[in-house]
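One chain, subunit A, links the two complexes that follow: it is found with subunit B in the first and with subunit C in the second.
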Partner chain A sequence: MTDRKRKELTISLLGIAPAVLVLLVFRAYPIGSVIWNSLTNWDGLFKHDFIGLRNYLRIFRTDYFWKTLANCFIMFINVPIQIVIGLVVSMLLYEKTPGWRFFRSLYYLPQIVSAVIVGYLFAIFFSYDGPVNELLRFAGAPKLAIEWLGRRPTAIGVVITALIWINIGWQGVLMLGGLSSINPSVFESAKMDGANFFQRTFYILLPMIGRVIEYSFIYSVAWTFTGLFPFIYSITNGGPGYDTTTLDFLVYQKAFREDSALGEACALAVILLAIVSVLTLFQRRLSDRANSWSE
Partner chain B sequence: MAMKRFVLLLSILMIITSVSAIAQAKPVTLTFWCGSAYYNSDEAKKPQSEWAITKIVKQFEALNPGVTVDVTPIEVSSETIAKFKAAAIAKNGPDVIELWTGSYLFPLKDILVPLNKYISAEDRKNISGWDAVTYNFEKNGDILAYPIGNNYAGLVYNKALIKAAGMDWDKNPPKTSEDFRTALKKIKETGVVPFGFDGSKGRILHYATIYWWVEESGYERLVTNANGTTKYEDDKGFINLMTYMRSLYEDGLTNADAATSVDYDSKFSTGKYAVTVGGVNNAKAFEAALGPENFGFLPFPSMSARPKVKASIIGGAGNCVAIGNYSKNRDLAVKFVSFLSSKASFIALTKSVTTFPARTDVTLDDLGWTNDPFRQKIFELSKNFAFWVDNSIPAYQYDEMKRFFPNILTGRLSPQDFAKQMDKLVQDKK
Partner chain C sequence: MPGRKPLKPGPVLVFLAFLVLGASFVFPFLYMFLNAFKSTPEYYKSTFKLPEHYNWANFATMVSQFRIQVNMLNSLFISMSAVLLTTAVGMLAAYVFAKRPFRKSHAVYLVIIFSMFMPNQVTLIPLYFLYSKLGLINTPFAVIICSLAAGIPACIMLLTAYFKGIPDEICEAAILDGCGFFGIIRNVIFPLGKPAIAVNATFVFLRTWNDFLTPLVLLTKRETQTVVVALSALVSRYQSDPPYQMAGLTIATIPAIVMYLFLQKYLVEGVNAGSIK
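Here is the complex of A and B:
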């Protein structure tokens, strides 16, 4: 290696060193530490014996883990729905529908409200004597006024509705960003060639913002696995039973409630990390194929 | 030469004396994480300087020049305990902290000072509830904290609604489970919700259900179920009780949203429920809302033909105050805790907090309750009470009960299946 090349290499290594250091300290160390602790019986104090894979085996043997995992997958329903609604909103804004400036702010409003506040609002709305049931009673359908948060299907439905509601604005803005990057002349020439709204949407718009949809999809799936804690905490507290408990909420419950089973909580966190990583890789492969096909 | 030596020695002595004087005069700060046993929600709206506990702390500081107590209000919860653990490991936790007693306290043994040798004979004699803070309830075990305010619970009722149903519980209260069911049916006929449940908050479980379970099965059975020696599945008291509570829901004797309600207290306060559970801690609010003439307290009717525990209320020392074993001011911290638990401090605190003092030498007269029929009644009943079950069994088991109780009420899980589930949980933990 010549002196010049060596110098270049040294400078580049020094250049990336701070970023690598930050990553190691704030990402690699916590992840490594969680993996290590997942192999112990750590109780948050001095009990910290190595127990191998016992935490994992215990978790896989429990019913609540599988139920919780199933809940996470059911919650996925929110992802396509929020993307589709976000896309529709972004198209309406892009087409500058009358009042679009007002609606742009209005749609984004839920995003700036704290997730816990949104959760409590939904819990109040769907409580037995809440506005939703009052409306149903007023509309002459008292039989439909039920304990929404007392049964699994309806309680999950309420959580999913809250997730969609809070994310429409974010999805709309994201998609609008994607749409704005498309050269307007593409749409104009399509219009001149006689392409109708649906043809423009399915043959031009969607393929051209494929990467934005891909990003949104991957992010939303990962978020559904890791970011639902404030909603579950404030709407259902994971109940009834484990009916609405998600994996991230379970990690919290194991770590900070019950017996402070921090070793078990770490094992759950590692499982969560593995699931999200596998899903993300799978989605990227799938969307790479779809995008290369559209290109 | 001798003179020189004498002067040198004198100088050294003077230096040592001044250094030690400086060291003694060095100000000391005690940190105190103080929970709701020392302040109430009304006080929390005022500046901390106006709280009763602040005034008590000031008295302690005045008696101990150079000592400052830094009071941090907290809410005692599982999350706070987790924070305390983290702080204790880092050795920067509080010197003194309010915690829960029993099975919540025992796992913290490794970070707390055993107080056996520090507790004065007078404190031992006059303070009640030492069992609840003695490691694993063992007879000569380590005492991990000072017990503080006692809460007691039973059933609370709206006298006007009971009267409207043609009953007078002051004169003729329901005494058995069937009396109670019949009374609830009479109330239902008047169009009022008879028994207000709060499935999601867990107070119905925490107070009533648990009391009735203890009454029928006894504490020994609770402990053996919890450690796996006996089975929940074979515990008739447990199954019967869950079945009884379920039947009340099924017969429409509770609110329709029994499994998810979070506002049972406000509904009781506004006259929508005739009966619910209540304790010393929330009686003040109920009394204020309904008026003293309409607020009634009913000891739990007996559910068992042959009760193993003969009491009529549940309660005891649920909270305590402990000292971190990393504290550099251990002796001073003990002195402070003892001061907090003194008769004078408790009497001063009782004017602001809702709990009863954990002392045996305090009279109704001392507390100014001679004209308060509710507190008089509880004071009398508190001589024989069933101790909190959640403080007696491991937290993970009680959490499981709390989690699935709404499902049992609504019939989505049978008491028998739940009992099996509890047994499986105990075995898994082993």
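Here is the complex of A and C:
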């Protein structure tokens, strides 16, 4: 290697050095530390001894872990629903109905507001004296005016509604991008050949944006594992009991609200990390394919 | 009547469906804003009516008693710093990945991108203890660095893709004119990469402004907190006075909405460009 080339390489390396350094210290080191600490009885103060897999074994024997995991899987209901609604919205936007740009911006609005603010709005709306119950009483159905956030099924229902509501716009915009990359002449010639709306939808549109749907599906599933914290915190606070606690909320709960359970919190964090890593690998493969396909 | 088409029912139905769905997105925010003007008795008596008087007393209380402006300034400082740092660090790396690839640089790029979805819950536990050893809890620096680390991968992905589209000839001409590494960035990459840099800056700003978990853990004193974190104190403090809660929520929402009004074109297109959320 000539001196000039070596100098150029050094400059390149210096260019990526800040990014790599930040990621090493603030991403790689903490992840390594979490994995190591999950194998100890760390309590944040005195104890810090290696205890092997005992944290994991203890977690797997608790009821709240399985209940939390079950909650995560119940929350998944939001994914297919938001995808279907998002798809319908994108198809309607694609038809370029008058005002479609305005509606597109409007539907995206919840995405730019903090999830906590949306969560608090939902909590206020579904509180016992809140507007939803007020409406129900006004509509002559006072029996339906219940403590929405006080029981597991309705509380989970409220959270899922919030998740769908906040994501419809994102799904719509994403799918619209997929639709826009389809050559319109395909639809034109199908129309000429007499294909009706449903035939066009099921035989042309869905297969052609299948990759976008796959991508969005995996992304949303991963998001359901990691992004629910602000919603749970503001709407139900995980309660009653562990009834609406999700895995990401549980990690916070164990690490920052209950002292002396840090080893266990780290083990929970590693479980969460493992789930998300697998999903991310899937997603990267899919989005690579989606990219090469859309070019 | 020649030339006049009969009105088809299809588009009208679609338009109505748009309106109904749109109302579901407007109503909660409008409800929040209008009820922020009411007194507590008026709120419970007539939730769905327009306020009798538009007095700004509740908003004034947020400023005089809750001192929400302190938290707004914290949010602003943290978000702006995160934008500047992420842009600077990301731009340097993206320029190298796009225009000065070296052996194995693609592998480094892939590892960086892979770190994009590492959940913050995982990294926060060790970082909290690291920061408290260094005495950085309750400083904006702690949150800014976390936001930087979380934002770098998406930033590099977006900027690298965009910088690749800048013609090599321009960079080579700049080198012939005697530009060094930073000269090319200042005279070629930054001016030509502005659209992507703007999209990324918008995303980083909104994500940092709206982030909840990281500042919640790292900022425990009320006067150091960001506005979104302070809301949880606000909501419990005014538990029996929803209008005060609405006023606080409105104040915290306004900057994001104003920003959206100006930059929504970038945001909506950014979703398609990098599929960022």
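As a convention for this text, the second predicted complex is superposed on the first by the 243 of 295 C-alpha atoms of A that agree within 3 Å, B and C clash if a C-alpha of one lies under 4 Å from a C-alpha of the other, contacts with A are read in each partner's own complex, and residues count from 1 in each chain.
Heads up, the rule we're going with is that contacts are C-beta pairs under 8 Å (C-beta built on N, C-alpha and C of every residue); 3 or more make two chains touch, one makes a residue touch a chain.
From a predicted model like this one, the values you see are computed outputs, not experimental measurements.
Visitor: Touching A:Gly241, do we find subunit B (first), subunit C (second), both, or neither?
Guide: first
Visitor: If we overlay the two complexes on their shared chain A, which of subunit B and subunit C does A:Ala70 touch? Say first, second, both or neither.
Guide: neither
Visitor: Please work out whether A:Pro131 is in contact with subunit B alone, subunit C alone, both, or neither, and reply first, second, both or neither.
Guide: Second partner only.
Visitor: With both complexes overlaid on chain A, does A:Ala222 touch subunit B (first), subunit C (second), both or neither?
Guide: The answer is second: A:Ala222 touches subunit C but not subunit B.
Visitor: Of the two partner chains, subunit B (first) and subunit C (second), which one does A:Arg27 touch, if any: first, second, both, or neither?
Guide: After superposition on chain A, A:Arg27 lies in contact with subunit C alone.
Visitor: Return first, second, both or neither, reflecting whether A:Ala255 touches subunit B, subunit C, both chains, or no partner chain.
Guide: In the superposition, A:Ala255 contacts both subunit B and subunit C.
Visitor: On the superposed three-chain arrangement, identify whether subunit B or subunit C touches more subunit A residues.
Guide: Subunit A has more residues touched by C than by the other partner.
Visitor: Contacts for A:Gly44 in the overlay, against subunit B (first) and subunit C (second): which applies, first, second, both or neither?
Guide: In the superposition, A:Gly44 touches subunit B and subunit C alike.
Visitor: So, A:Arg58: does it touch subunit B (first), subunit C (second), both, or neither?
Guide: first
Visitor: Overlap of the subunit B and subunit C footprints on subunit A, residue-wise?
Guide: Overlap of subunit B and subunit C footprints on subunit A: residues 44, 123, 129, 255-256.
Visitor: Can you name the residues of subunit B that touch subunit A in the complex?
Guide: Touch list, subunit B to subunit A: 78-79, 81-82, 85-86, 88-89, 107-108, 110-111, 199-200, 255-257, 259-263, 394-396, 399, 403-404, 406-407, 410, 412-413, 428.
Visitor: Along subunit C, where are the residues that touch subunit A in the complex?
Guide: 11, 14-15, 17-18, 21-22, 24-26, 28-29, 31-32, 44, 47-48, 88-90, 92-93, 95-97, 100, 102, 105, 108, 112-130, 145-146, 148-149, 152-153, 156, 181, 206, 209-213, 216-217, 228, 231-232, 235, 242, 245-246, 249, 252-253, 256-257, 259-260, 264, 267-268, 271-272, 275, 277
Visitor: Quick check on the complex: what are the subunit A residues that touch subunit C?
Guide: Residues 8-9, 11-13, 15-16, 18-20, 22-23, 25-31, 33-34, 37, 44, 89, 92, 95, 97-100, 103-117, 120-121, 123-125, 129, 131, 134-135, 165, 168-170, 173-174, 176-177, 215, 219, 222-223, 225-226, 229-230, 233-234, 248, 251-252, 255-256, 262, 265-266, 269-270, 272-273, 276, 279-280, 283-284, 287 of subunit A touch subunit C in their complex.
Visitor: Which residues of subunit A touch subunit B once you look at their complex with the stated criterion?
Guide: 43-46, 58, 61-62, 123, 127-129, 147, 149-151, 237-242, 255-261
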